[in-house]
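Note that the chains are named A, B, C and D in the order they appear, and that numbering of residues resets to 1 at the start of each chain.
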Amino acid sequence: MAQVGTRRLEGVGGIAGARSRPRGRPFRKLDDSRFFPLVLLLPILIFFLIWNVVPLLWLVGLSFYRYDLTSPEPARWLGLDNFTAIYNDAQVWGALGRTLSFMFFSVGLQTVLGVVLGLLFWGSSRMPGRRLALTLLFAPMLLPPIAIGSYWRLIYDPIFGVLNYYAREIFGQRYDFLGSKDYAFPAAVAVDVWMWTPFMILMTLAALASVPKAELEAAEVDRLPWLKRLWYVVLPHGKFILMLGILLRTIDAFKTTDMIFVMTKGGPGVKTELIGLTVWRRGFASFSMGAASALAVIALLIAIAFTSIYLYVLNYRETRGQFR
Amino acid sequence: MPDSGGAVLEFRGIAKTYGERPLLAGLDLAVPAGDFLVIYGPPASGKSVLLRLLMGLETPTSGQVWLRGVDATPIAAAERNIGYVPQSFALYPHLSVRDNIAYPLQLAGTPKADREAIVRRAATMLKIGELLGKRPDQLSGGQKQRVAIARGIAKETEIFVLDDPLAGLDFKLREQLVDDLKVLQEETRATFVYTTSDPIEALTLADNLAVLVDGRIVEAGEPERLYRSPAHLRTMELVGFPRTNFVPGTLRGADGALRCETPLFVAAMRPESDARQEPGEWSVSVGMRPEDVVLVEERTRSSLAAEWLPFSATVTLREDLGGEEIVYLDAGGTPLTTVIRHHAGQANPDLGQRVDLAVRVSDLLVFDAGSGRRIARGIETSNG
Amino acid sequence: MAEIRVQGLRKEFGALVALDDVSFSFPESRVTCLLGPSGCGKTTLMRIIAGLERATRGDVYFGGQRVTHLPPRKRNIGMVFQYPVVYRGISVAENIELPLKSEKLSKAERTARVAEVVEILGLGDHVAKDITQLDNGTRQKVAVARAVARQPRIILFDEPITNVDANAKLQLKRAFKELTRRLEQTIIYVTHDQTEAMTLADQIALMQDGRIVQCDAPRELYNHPSDVFGGWFLGNPGMVFVDGTLSANGSGTVVTAPLFPAPVPTAGGASDEPATAVTVGIRPEHIRVATGDAPGAVAADLLRKSITVGRQYLLSLRVGDVAFKAKVTPQVGESLPARGAVWVTLPPERVTLFAPNGNRVDATLTQPR
Amino acid sequence: MNATARIRQGLYYAVLWGIAIVFFLPVLWVILAALKTKKQIIAKTPVWFFEPTLDNLQRVIERENFWKYLRMSVFLSLGGVMIALVVSFLAAYCFSRYKPRGTNFLMFLLLSVRMVPAAAVVVPVYLMYAAFGWKDTFLGMVLFYAMFSIPFSLWILKGFLDGVSLRYDETALVNGGSRLHIIFRVVLPQVKPGLVAAFIFNIIFVWNEFLFNYIIGGKSVTMVPVQLQAGVNSGGSADWGYIAGLSTIYMIPPILAIYAFQKYLLVGMTFGTVRGEV
């Protein structure tokens, strides 16, 4: 036993005077108990149970049934029939393929444009009215998608649309952007690009802000050329946030429904019908809930896969401690 | 169970493991009332965990914490009534300095008038009286630390725990705060338990010093005793600045005499106990304090008495502390340091120069390389 | 190689004056340490010299050339930052070489320069390693190597060893010492650590509140601070200060202070002025402490003693209500009791006098006859 | 700074402002439309300069139930988000401090479900609401929006709570503070920025939400976007003046919010996984 030397003083107290016995507490409080963490979690668990688990089970269950709201007959067990039907459904495959190319083009364009414009905005911190300019810039992504869809219907309108007028001024020709087979899809992509490029600008600015100031200063003192600075200084720090941005956009592009719904309803034909719209249509246009659920289950799985990738990237960075 | 024997707080057989990893291993320590105990050890030696066990913020895997004569292990942190200065300042950013300091009192339900008086007193002691109206983010690092200490001591209790409160502060700030803390403790006569990994801080503050290495207390006692007569290699290494020089060697016992051979010298030793009287051979570490390694002028070298062991080394760096200088040396691959004091008119070697050194046999301490325990020391010659 | 001169440099951050009209010359091919507590303006001064910060007023000259308005890349300087800046994704050697690639040097020349700095800084074992495999200390060495390899006229160090562990600190100090012995460049080294400054500098420029208060060789600065601040800031602990009075007594001027048993005559001071307040300063290691009385000694209370650097003893003492510190040798320290009555002597030749405004008084004390 | 540098900087800023305006142009066009007469809206040659009329806006305001829908938008947004903040703050504290097993899994699940296309979730939710009779009830709608806001709030708040040192809790604990005291008096004041970010971000989401309000809502809990969609899809020729007017009024709060809380935008848009400002 390491009894350290005996000491001459009797301890008499601290600055406030000693009161050596703590005041006893008559009863053990709830928050000392080991159930306290559970109490904190209870509300979220209830929400999770009622609004996530129940619908999820419902959804998965329903996907094995034939269940039409319009028909009087009760739900009928189908097994995997709904899924095989989807597998054989060219329309679904078409919508999936269209969604993929929508994601590819719109996210790709947003990224390129966003990075370029973001770099342009780098160093604008002392711009007069910067806050207002950024508000205008970021406005598209924060307005109701429903409203956005309707604006663009107005702008794209073949007769009085402002875009058509200028198209004719320049190309001498009118375009029915949303009504024509050739232009509807690019027109939808264009709206998405307009709406979400500001997001990629935001992410690029965040990525640039994550580059330590000293490293930029060192590159300046070391006289590195512009491109080398981007490559050796900016990219190693910024790529992570940029990656998160791209992933978030990909997940979000997969979900696009409202805006298309208002703008084209998937038309002309199925030219702009994305998977979200297909699910919606199956459920609430033809009221075949079973088939819609099966499709929803598939969409769900794809979304979970995307989210996993996102979180994996996020976690990878945290565990590898790449902050320094 | 041993009687607590007037100890105001006591660790009995404390062990703590996180998963598989043992942080503290069977640790006993008793602290008498009014003591300034410094728990001193290298970073990550378990100092903070020990304090957190004392505060009741962690539960020991085994063993007990006794407070004021009762087993406090099952008592919640809130009921232990200990003043606490955590490692990072942890000042509440949304409260003024005054409210930060008054915080423990407010929680304890001290009447408002008394609170103000105690806050004033604490602020005066720590020389932050004029800062009471400010917010933490308006303060410098040293001021924040003073506020954190004031908050820690403004509590109606007689036991205070300070977890390396000066870590990360500027040199000059530490110098002042160390002094103020010592005076504070002597004036209040409260029991202070303090951790640090700075040797000078530990030596300056401690009434008693507990050297903690790898979750074990290797030695505890008054700092001067630990400094002069360390029983363990780690004690000698850590207690004192600059760090002690160690030379690996072999201790040989034959014909009732002990000899220690190192790359630098060969010297006669005497065992610490009879156990080492028998013939044998041990691999050892020979410790010599930097101030005991002295620079010798070439011409006086031959006239050195037999009690001095001469060797030579090359100067690799001279670090000027102002009042004294640390000379870093390389003696055939063994790094060594020595201290020279300018005002004492000592030798003044150049960087890269080969210099002659000597150490007195009686200043050598020999430690078992395996256990780290002291097993022998240099023989004192009668005329020394 | 170039002398660096700043002229009437002023920097304001809002209401805060970071640099208060600093005019100063950093001599060519020398290591000048800017030393001072945090917030004294030393980093701001260096950043203005580097061109990373713009002065509110004043000019910077390299050699004879005015560079006030040049961006950093046109100033031909090297700089090492507080936290190790390395370029990611490439090896140590490539890191050192990267800036050289923009310098229009032959491949052979580049390789030779890299090899040279690698050798000086002892990076030989690491050249091929990826930068992410290195600890902070080694990274900082790489940063130093990169700055040096370009052979700029001027190299600036901004507290380069603050953020590395103790062991790496020592290694870096060795490397700096070695570097500065070999290099011909003008070097400015910013630090708040007096030991670093004393160890590495040819001369130290001590800063306080946006001004350079003194510039001298390290030992000179330590031994003869030109004001109270220098005396306090250097040393561990810093100088001991005691209030006293300077007055005339017929034959000359004398200093009266609680730590002197009788007035001590001065040499060189003015003699017929009325009594003025003066601060008596002495380094704690110069104070003599003994258990017995001696000529020139006063009785003191020893409050505490503790072991400090190299087994010296740090003593807390009090004479009347004046509390102060002294640092004594192991032998003396051991002979003293833990607390109690002792005798304290201030050797007059070690005492420095300061005026009430903090400046050193040009007067030396002499042994009382 | 010399003259050329100043001119160059002026040009640079002008370009940046230009970009911002180009992005805002489509929105501006709608705002202009709201101030035009019907004729001006459908004029074949775009009308940029005209005498503004408040007719459209007046029509919007006077339309039956406009205030009711707007009120519903406000109540549902505020109500849902406030509930979500309370629920997720408590949960985030638990996750951050007690680290119960399954923390990561639950956080992952919550986020995943939120990332699923709304159309996929709406089917079972609709059936559940129909079965339990929660359709077209205020409580059903507000609780749904609370759930809708919980995942992002939880992520944002967990991130902020992890940034509050455990030393704060411990200091309170050793001084006799209760857990509830720590949660509401010690930690809460320090995560205010997180609360603001979560609040702003989620409220904009709910404010703009359409699909669920359309499907599981009904006459008594209709919000403005549903009304907007009804306007757009009302037979052959839409009443553009009305739509533009309604959108213009409805976009004022979000635009003001972005202006006022711009520094929280990044935290919100990445639900706390990227911190900082731009």
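Assorted remarks:
One rule holds in what follows: a contact is a pair of C-beta atoms (placed from the backbone, for glycine too) under 8 Å apart; a residue touches a chain by one contact, two chains touch by 3 or more.
Keep in mind that this is a model prediction, so the values were computed, not measured.
For the pairs A-B and B-D, the count of C-beta pairs in contact is higher at A-B. Look at where the CA atoms of chain A average out and do the same for chain C: the two points lie 54 Å apart. Chain geometry summary: the mean Cα position of chain B and that of chain D are 56 Å apart. If each chain is reduced to the centroid of its CA atoms, chain A and chain D end up 13 Å from each other.
In chain A, the residues touching two or more other chains are 22, 32. In chain B, the residues that touch at least two other chains are 78-80, 108, 155. In chain C, no position touches at least two other chains. The chain pairs satisfying the stated touch condition come to A-B, A-C, A-D, B-C, B-D. Note for the complex: chain C touches chain A at residues 50, 52, 71-73, 77-79, 81-83, 85, 87-90, 98-99, 102-103, 143, 146-147, 150.
Across the complex, chain A meets chain B through its residues 1-25, 32.
Residues 2, 5-8, 28-35, 37, 68, 76, 78-81, 83, 105, 108, 110, 118, 121-122, 125, 153-160, 184, 188-191, 207-210, 217, 219-222 of chain B touch chain A in their complex. Note for the complex: chain A touches chain C at residues 212, 214-215, 217-218, 220-225, 228, 232-233, 236. Interface of chain C with chain B (complex): residues 37-39, 170, 173-174, 177, 181, 192-195, 198-199, 218-219, 222, 232-238, 283-286, 304, 306-312, 314, 316, 327, 329-330.
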